[in-house]
């Protein structure tokens, strides 16, 4: 099968899996890749919200699996990026509605249609998590530099290794000034504890809340700092060696954070 | 994978793998709700499969565990003889089973209602498939309240609403993930939150804010209406026409939605034309 | 108040029989909105008021309540050990030296949520209610078996929600699943009044316009919370912390000592930021 199938997971909820899936997908699509995003959070779907396609949902993942519709009838094409499509989750069902085998089959079918399948995993390590990783060939673990998140990420990485999935790490919502004052773990601390290959570092940005509420991924906002970072992550995913921006430059970030709010 | 679909009052089971595996799959599927289909009659569509008679008998027995009576099979010509060996009717290669031609006992009223409700969901899926086809060929949503490519024929056979069907009356707010499906009309006194779903073969009335998905006339009645104190649905569907509300969030008071000239039109309730129009 | 050693009540023959304690599950649907932090801080604040409190971590396999309380080094046994009869309840309960009336029953880390039998867990909560004034259950994210277990045995729920669309949707789903037989109240967490004013964040009214729940409290976003959870020192113990004060106020509302409507944090003026505590 042609496509790379990547699950985005974390263990801990609320660290930014869905936002990362949406923005990384957008960045890849912008660079010319054909991308399909799959929301595996049945019953608590949010990927459609973050992308602003909620109003256009007619069929969903569970109905595809149950044979009520064709796969292409359920796929929603993004209006802003023609290479980006999303397969939404069902809202009025729960995660027992599909099996790992069924999920694998859907992901395989999608794999024939695009270059990247990104699977947004639900929080936790229960049935929903197992479904989400079932069809994947590789994993990205998203974590924030907080002790609870790192501990959960560690548990999840263990489970991913059990399945033989290669794992790469994105550290989300890092606040450089807090790292400097010793109130937040730094990048090196995190990568050392988790011993996984680093794929990206995304700083905390209050604009993300608003863009998420409005369904406009920040990666699509022209000239946004975060947009540039997601573009770099996309390039790294493609195999390019892109150096990490040092977040240490104090004056730039201190100015930025003082201006906020 | 195998699928179970309601067709009229009965089930059609489409099989796409060896019968043994299909039976296992169905057992797993039904395990959570072993009585859901109890009392139903079914037809199995074997596609191109030519199973040994003994497997067909075993499949029939597996269905019987859940109270499903297998009456007949569809499939290639060779299936006719296999079916005869195990006393099952052979129904040819037709997709739609002519089960009505077969003798059967009168169904209990409760079972009939649940069959109809299941067929409602199946019809609903058919209606939505149609809507997706239209969406693909035309623009969707945006500020306008319309999605429908003009001139596209609707391949739906509207079903008459059976006599004696009640209006479902629900008091309380419907939360995300909850759904109300009814053969007949639907009245909700309370809000319908985003992520909640209302499906009715008749009209839908929400005495509150309608913010979820509502589908009126789900079996094809283009005369169905949707009325709400605050009409702000994620998505509105009447028969096979679909529309989304615009981004405008100003509160406008009670509104009434119906199909006029093949598109969904929303007017303030005071101005709504409430006479029933004849079908085109 | 923190360092004062208070004797646990010893039952004496002829005493008035104990009224059953309250079992409250702290839930949300969406992960990362502050369930665990809220459970830890509310428990601490309630215990500081003099009530006997037990905190139960229902997040089997992804436990965090012990970290947030700073007790992870003291955890020897967990809920499954108790349910499976490996140890007694008393052997599993961890005492917090800073807050003597507070106990923790930790989750198992190397097990799965499927390992917990819902009925047995419910019975355990019942047993805890007989011994403690408040049983607070930290619910895992999601709506799967972990959630089902956590709510079993609790006839009250606190839904924690941040002012974001996705969080409100998930909270709404959970409220629907909690059913009509439980008392359900809302805490809005991580409000940023400046962003609400600019229209870049939902207001409390926007949130409750959908959720329709009695409001128990509103907590502002503040960086000292991250620091405190990383260090295992609940902000409810810090007299200078505004977030700590919000939790203490919620605790007073829960016990009934305070019946005023919850205060909604206001935007800090420039002078306020300069002279008033940490912002």
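For reference, chains read A, B and C in written order, and residue numbers begin at 1 within each chain.
Please note the rule applied: a contact is a pair of C-beta atoms (placed from the backbone, for glycine too) under 8 Å apart; a residue touches a chain by one contact, two chains touch by 3 or more.
Treat the numbers as computed from the prediction; the structure is a model and nothing was measured.
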> Where the contacts of subunit A and subunit B overlap, which chains show up?
Replying inline: C
> From subunit A, which chain is the farthest off, judged by mean CA positions?
Replying inline: B
>> As a quick test, compute the distance in whole Å between the mean CA positions of subunit A and subunit B.
In response: 34
> Between subunit B and subunit C, what is the gap in Å from one C-alpha centre to the other?
Replying inline: 42
> If you average the CA atoms of subunit A and of subunit C, how far apart do the two points sit, in angstrom?
Replying inline: 28
>> Two or more other chains touching the same residue: where does that happen in subunit C?
In response: 169-170, 173
> Mind pulling the subunit A residues that touch 2 or more other chains?
Replying inline: 43, 91
> Hey, what residues on subunit B touch two or more of the other chains?
Replying inline: 176-178, 194-195
> Which residues, counting only subunit C, touch subunit B once they are in their complex?
Replying inline: 169-170, 172-173, 175-177, 180, 210, 212
> Which part of subunit B faces subunit A closely enough to touch in the complex?
Replying inline: 1, 3, 5, 14, 28, 32, 122, 125, 128-129, 131-133, 135, 140-141, 176-179, 194-197, 234-235, 242, 244-245
> Can you name the residues of subunit C that touch subunit A in the complex?
Replying inline: 29-33, 36, 61-62, 64, 67-68, 109, 112-114, 140-146, 164-166, 169-170, 173, 192, 194-195, 200-202, 223, 226-227, 229-230
> Given the complex with subunit C, which residues does subunit A contribute to the contact?
Replying inline: 11-15, 18, 43-44, 46, 49-50, 91, 94-95, 122-128, 146-148, 151-152, 155, 175, 178, 183-185, 206-207, 209-210, 212-213, 261
>> List the residues on subunit A that touch subunit B in their complex, please.
In response: 43, 45, 54-59, 63, 65-70, 73, 91-92, 96, 99, 102, 105
